[in-house]
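Order as written gives the chain letters A, B, C and D; numbering starts at 1 within each chain.
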């Protein structure tokens, strides 16, 4: 199977990073690109908390998590930098977030944002996994399970230097010959 | 790092399989060995449902899930084949489950079950991941996150024939230019 | 509407109480009777944790929680006092639990337990709410929401001395002019 | 205990209702007043879904649920009618929502909204329960459990015409002599 190169991000600004970022500059890293809207319920309840967990688990293993705010509706409510900054502050999202650049016919009923269009995303959340060579390895629309996304990340981890996956076990939940914890 | 071969299972019986199984017979498969007790709350609420999800996601990708009932307490309540069979029936656990063989000094306060001892497990749940060559690649005591276990499985998947990880996305949760679903 | 008196419990033993109990002896208390089986998944995941929460919230307000182990299947696995005691120990269930007396034709395919039959319960979980006069005020089969069960308890609380319902709020989750907590 | 009359709402507008509402006009109804901000994580994850459940369970029993958008921070992001309307649309909130009137020194660092101040609310979420006589019966800051809030509603329900609390049970989760459902 021929793998497609991930199109470069076309954005109008960044939050949570001192310098603008680019996929070209991240070559050698595994990149998780999480496209969302601050008023998308599935993004808020599922995909953004998942992206936070991935940043916590895998940053030390060479995975960079980037949020992409791809606003294609409710531009007045969620289209400003101030609204996004307030949202990121309240939801404690600390990874870098790019503002997807408005499309040609921008406006309340305008065109799709440019990066969203370049990736042919259907909506939000969309979760894109990019390998160390800058190629798209997974494109998921809607909620993805932690098991499936973890496995996809593991496949990419294994392509690099020999690595061990993160531990993430919690002995507090276990029974031992001395007894079990409260459920 | 030198990897340790996974000790063969020493068991007193099997459920959910017509023929007894062995790790030797599973060479070439990735094996998830899930040690549990039917009265271990963390096993019932976390690890057994997780093992079921892994069986659903990864069986088609060459992963075999085996339960190991390693009873080291409450032998009267959970030590019989009948009790285990009733439990597996009610919790809809369909993957093969082995009954860990009692230790030398078996009884209400007897020795640890033999497979549990051979793996130096501390208690239940314990989740063991074995690669296609029969080597232990992960040994987790207590609850493991889906992300971490998924990544560990992905690392092993990548060592085989080129594979794609399972999809597992749910577009029902997504916003599109036509609208968002109810949260 | 004429309210039915709650039939007295017919049981073969008690756990978590020094003395046997009776509904007659609990007149003046609101009684939550939670019928369950230790191998009933909905009881373990939903109704027993709910009964624990009710004991925590409402014991100080005159509500007594009683578990009723009404075994109508898997008698070998869950029919013994030892099995029930192990279960209550591991799941940290501290409220009194009665063992429903076996029916006439007891055995693996025997009759329904006596108290279960007297209340015409359909299965487990069944949640029965009894008022201070010993009358059945609610009979629910299957999972009940906390809101609905809380409201039913509140109705009975209001019939006694003027009471205030328990507080149960958690300011840790709140935003103030000083900021919001992490989600 | 002397009960305090609930101060009238002072608002700058309404959504989800054709006509403005008032507490005076709701005398005879039990009123649940849910103060929130659209960028308050505890409101989005806990209190607004709870208010929806209350509307579903109790509207037929004489309970009116009203949302109160009391913005005291991030005025640019969440202070406009358009932002609130987009939020209510995406989160499928269908009960009437009032916009709390800005305080004297309104602005990005202005005074507290007027209704918030009149009730001496500490922040969001705040859940206020008002009885049929228009008196405050419960004032909770932060997340409230369904059990506690259900009980408080039940107490008020019992003060009216004899009522039965809503059912809310789900037999799908139950074991019967014919078997148990999948967990």
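Criterion: a contact is a pair of C-beta atoms (placed from the backbone, for glycine too) under 8 Å apart; a residue touches a chain by one contact, two chains touch by 3 or more.
All figures in this text were calculated on a predicted structure; none of them were measured in a lab.
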- Query: Same or different: at the subunit B/subunit C interface, is the fraction of residue numbers used by both copies above or below half?
  - Reply: same
- Turning subunit C onto subunit D with a C-alpha fit: angle in degrees, nearest 5? 180
- Message: Going by the touch criterion at the top, tell me which pair is linked by more C-beta contacts: B-D or A-D.
- Response: A-D
- Item | Where subunit C and subunit D are represented by their mean Cα positions, the distance between them in whole Å | 30
- Task: Round to the nearest whole Å and give the separation of the Cα centres of subunit A and subunit D.
- Result: 33
- Item | Computed distance of Cα centres, subunit D from subunit B, in Å | 45
- Message: At least two partner chains per residue is the criterion; list those residues in subunit B.
- Response: 40-41, 45, 73, 90-91, 175, 180, 182-183
- Note on the structure: Within their complex, subunit D touches subunit C through residues 37, 40-43, 45-46, 53-54, 57-58, 72-73, 112, 122-127, 138, 140-159, 163-177, 180-183
- Residues of subunit C touching subunit B in their complex? 39-41, 44-45, 73-74, 76-78, 80, 82-83, 85-87, 89-91
- Item | Residue ranges of subunit A in contact with subunit C within the complex | 49, 90-92, 175, 180, 182-183
